[in-house]
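Below, chain A partners chain B and then partners chain C, in two separate complexes.
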Partner chain A sequence: MSRAPSLPPAARAVLDHDRRSLARLISQVENRDRRVEPVLRALYPHTGHARVIGIAGPLGVGKSSLVNALLRHLRGMGQKVGVIAIDPSSPFSGGSVLGDRIRIDREAGDDGVFFRSMASRGYAGGIASATREVARLLDAYGMDLVLVETVGSGQVDVEIRRVASTSVVVLVPHLGDEVQSLKAGLFEIADVFCVNKSDLPGADGAARYLADMASLSPEEGGRWRPPVVTTSAIGPQGIPELWEAVLSHERFLDSDGRRADGERDRVRAEIGDLVRERFDRRLEATLAEDPKLRALVDEVLRRRIDPHAAADRVFTEIARRA
Partner chain B sequence: MSRAPSLPPAARAVLDHDRRSLARLISQVENRDRRVEPVLRALYPHTGHARVIGIAGPLGVGKSSLVNALLRHLRGMGQKVGVIAIDPSSPFSGGSVLGDRIRIDREAGDDGVFFRSMASRGYAGGIASATREVARLLDAYGMDLVLVETVGSGQVDVEIRRVASTSVVVLVPHLGDEVQSLKAGLFEIADVFCVNKSDLPGADGAARYLADMASLSPEEGGRWRPPVVTTSAIGPQGIPELWEAVLSHERFLDSDGRRADGERDRVRAEIGDLVRERFDRRLEATLAEDPKLRALVDEVLRRRIDPHAAADRVFTEIARRA
Partner chain C sequence: MPRGSPKAPPIRVLIAKPGLDGHDRGAKVVARALRDAGMEVIYAGLRQTPEAIVESAIEEDVDLIGLSILSGAHMVLFPRVLKLLKQREAADVPVFAGGIIPDEDAKRLRRAGVKAIFGPGASLTEIVETARSIARHRA
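This part shows the complex of A and B:
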């Protein structure tokens, strides 16, 4: 698509492969700074090339080392790769816990790699919106692939399905009983299973178990059965096989209009998340500023009205102003 | 407060200490079934007696055994206690992973105890709303205390501060490096630290470390410094001391209007969560039903408009209908 002459300078800088502009825009997206919105909107017609691949799993399964090995493999194949690592963080301190410091060696002056870690602060929809928009900036910058690595488990991992076309779930041969129980949720988001740390005892058994579980799902309607790959950071081992498994799912998506269905679902989720963000901003402003509405809180505290009645009044007020 | 003659039968049943009605209403709250709303509203003036205490911490620190020991201690003191255990769960399967099965022995025919586990499905605000409303049902039922136990870490644990007046953060002497990094978020929500499994080596060192961290916060303005208690399920040990630490924070809240400030913050958060739920229902209905809005998704997919433009149109449409 040709570049419109009216493109904002920051948007043009991304298309012109300016790394510092890219970094600055990503920070604005991460901070949900609305000034980035016109740039994102101008860049949107220039996106759609990069594939977004999710790498999810519980803490301690070695996702970072795995992503590093995958990155080297993909660079060896000439692919340009962006990495977004979502770190668990406190909504109070706001900062990313693991930080960029330990990752910086991944780039090492290679212009075909861009690494960024983001804190998973705020509500789940917020991180999904930010991840999508950073992925789109990396797409406009010229990356072929965007790997989204989620540290943690549960809600944030599941959000990856709202962003990525293929999700890899990484596990290790032995996890504690309680962490193991979390696998129920991870099982449902997996397009590919990766049993990492395959040098540990029990790896083959874990892989067989996952393959058995995957084969239980009905084959009818051409449903996808997640392949199981074993990998190890020692060597490393199994990385080409892991990537081949990802590509096999991507090829599956390209058959029978499945990719279009997935994209439709993701765009619908994206619009929903953005509408929710708009409403949240309005709600916070309304609750913070309007003395009439602040007085409602006192009435609830005195038990003159109940919280649902107060919520109805606030909702009506926000709608009236919109 | 006298019971109004117009009280819905289900609300009257809770005030009349009907255990089965209570259980049924809690299920409705958990499912965000709107039919429970009139009951909650009618009961609201009959609540405000029970104190809500949060017990948070990472997986595997022994929170369930600790809560069991605390429950026995509190029952021995004649306190009636409700327990809400929030379990990690998959938003897809919806079910609670750990389940009620393993907890049922806690009640053992004792009418002064009511135990309920809830799945932490949906967005973070949803679980906070459900927890508040279940706590209020337990309050109306006549409980003196409601213990909210959160399994997991991160967002859900932090939500406990929006519900409980005192939050206990439970840790163990040694956690993995990555889990340890999550402590940053947990540190900020703690009113009381509990180093559980004090029979393990390193417990004294961990307690000293936490006490040192707590003493770093400025004393000015009469700020609270979280006490550190060591406990063990073997014995059990340290349970009366743990409860005394909780009560010391509750007494601190009763000085200088601090409790009123906290309640105001919690009511404000509650109204916000309920308004957000109302908006979410409207949004989902709008996205699902309106063909004009569904066509927007296609325009975004064809890159004729961008997701932010689509979100603006949906937001305007919802406000117009409200």
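This part shows the complex of A and C:
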């Protein structure tokens, strides 16, 4: 018997290129709907083909326009491309305006592109895990590449490394001295630097500066030195060069087993995330339901035991139930 | 509502301007109001074809589509969106509209399936409440 009949219908639909099913599953992943789990599990053997490329950088440097330019370039080469564009959620209302689509112009009815906007949703449960699963769904759907455009600030942008095999960090000339302040976070995650808006004065200077900074990292031990590319996403200019730089990093990964090492690290991190997620759920359930816990809280309040001792008891209880 | 989730997922709304008019201030104000009401607003922006709007609605798996129009082409463009939604088996995604739409046209559009229509005098509270009540409910 073929394995096809045992697939959940939603998983079968993704493999059969049903866009609406794919879109619904992405929502379920975002909503942390546990019904999606068997579908993701069934699809896992059908993944591993797509390369995930991160596009990170501060707000307003032109990431969306760059994604649009890359999309056109890649479609021109016949590559099928999924895009995940992440924008921030309001910490106040939980709402968001996801505006990355307005930069995208594409052929009507082109089945080789799937563009999805995602709200960061306060990073609850980790944007990385949702992004990883959505990228995998796009992979199962048959995409060759998945471009992940990050939210445009801090922590999440660093997390892109946990999902993407190559991360492009996009900057613009005017950042000037501020580039220094990026060193600790963004600077470290770059596999490729892209100085966008190259039509602005100072682009060459910024590119030189970045190349100088990159050259400071030691080259021994076969370490990767991020190339610097200047682009104008609107022009467009420098887009083939940018893509070539991405591919050169991908080729670097393919040498000396580096890709396998990176994937091993990512899988280990993912298993850790999933265990933590399960543990968190169990903890929430225990904290919400357990009548013994109420008594425990009272004991802490009366200073009979301290919070650490209470935590020990809760931990033991959860471990026992697991 | 999914288990393991502390609250219902946010409503996802697509806001788009079909056709050729270039004034999207109203659409932006509505987008902002929906955001402040806790919704995820996918802002598709100006000069969208009905085909692109429906494609966006499907890819983004929205619960609601809001169309804004000032050009007068609503009697052509809105029915086209509704028809394409039906063709793509997405007629369960409700559509509401805003803009300069004469009463006579509004009546016909409602009959054709547009769930709510707002003119220039509509309050944001009214729009947000209507959006919330007509949005598709997820299984």
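A few comments on the model shown:
The definition used in the following text is that the second predicted complex is superposed on the first by the 276 of 322 C-alpha atoms of A that agree within 3 Å, B and C clash if a C-alpha of one lies under 4 Å from a C-alpha of the other, contacts with A are read in each partner's own complex, and residues count from 1 in each chain.
Operating definition for what follows: contacts are C-beta pairs under 8 Å (C-beta built on N, C-alpha and C of every residue); 3 or more make two chains touch, one makes a residue touch a chain.
No experiment lies behind these values; they were computed from the predicted model shown.
By the touch criterion stated above, A:R19 is placed in contact with chain C alone, chain B being left untouched. Of the two partner chains, chain B is the only one touched by A:L296; chain C is not. By the touch criterion defined above, A:L200 reaches neither chain B nor chain C. Judged by the touch definition given at the top, the superposed model places A:I271 against chain B, while chain C stays out of reach. Touch criterion not met for A:M77: it reaches neither chain B nor chain C. Counting the residues of chain A touched by each of chain B and chain C gives the higher count for B. Contacts of A:F114 after superposition on the shared chain: chain C is touched, whereas chain B is not.
Chain A residues 89-90, 93, 95, 97-98 lie at the interface with chain B in one structure and with chain C in the other.
By the touch rule above, chain B contacts chain A in their complex via residues 37, 40-41, 44-45, 47-48, 59-60, 88-93, 97-98, 120, 123-125, 151-155, 158, 176, 178-179, 181-182, 184-185, 188-189, 260, 263-264, 267-268, 270-272, 274-280, 283-284, 287, 296-298, 300-301, 303, 306-312, 314-316, 318-320, 322. On the side of chain C, the complex with chain A involves touching residues 2-5, 9-10, 12, 31-32, 34-46, 49, 51-52, 55-56, 58-61, 88-90, 138. Against chain C, the residues of chain A that register as touching in their complex are 19-20, 23-24, 26-28, 30-35, 89-90, 93-99, 101-102, 108-109, 114-117, 119, 121, 281.
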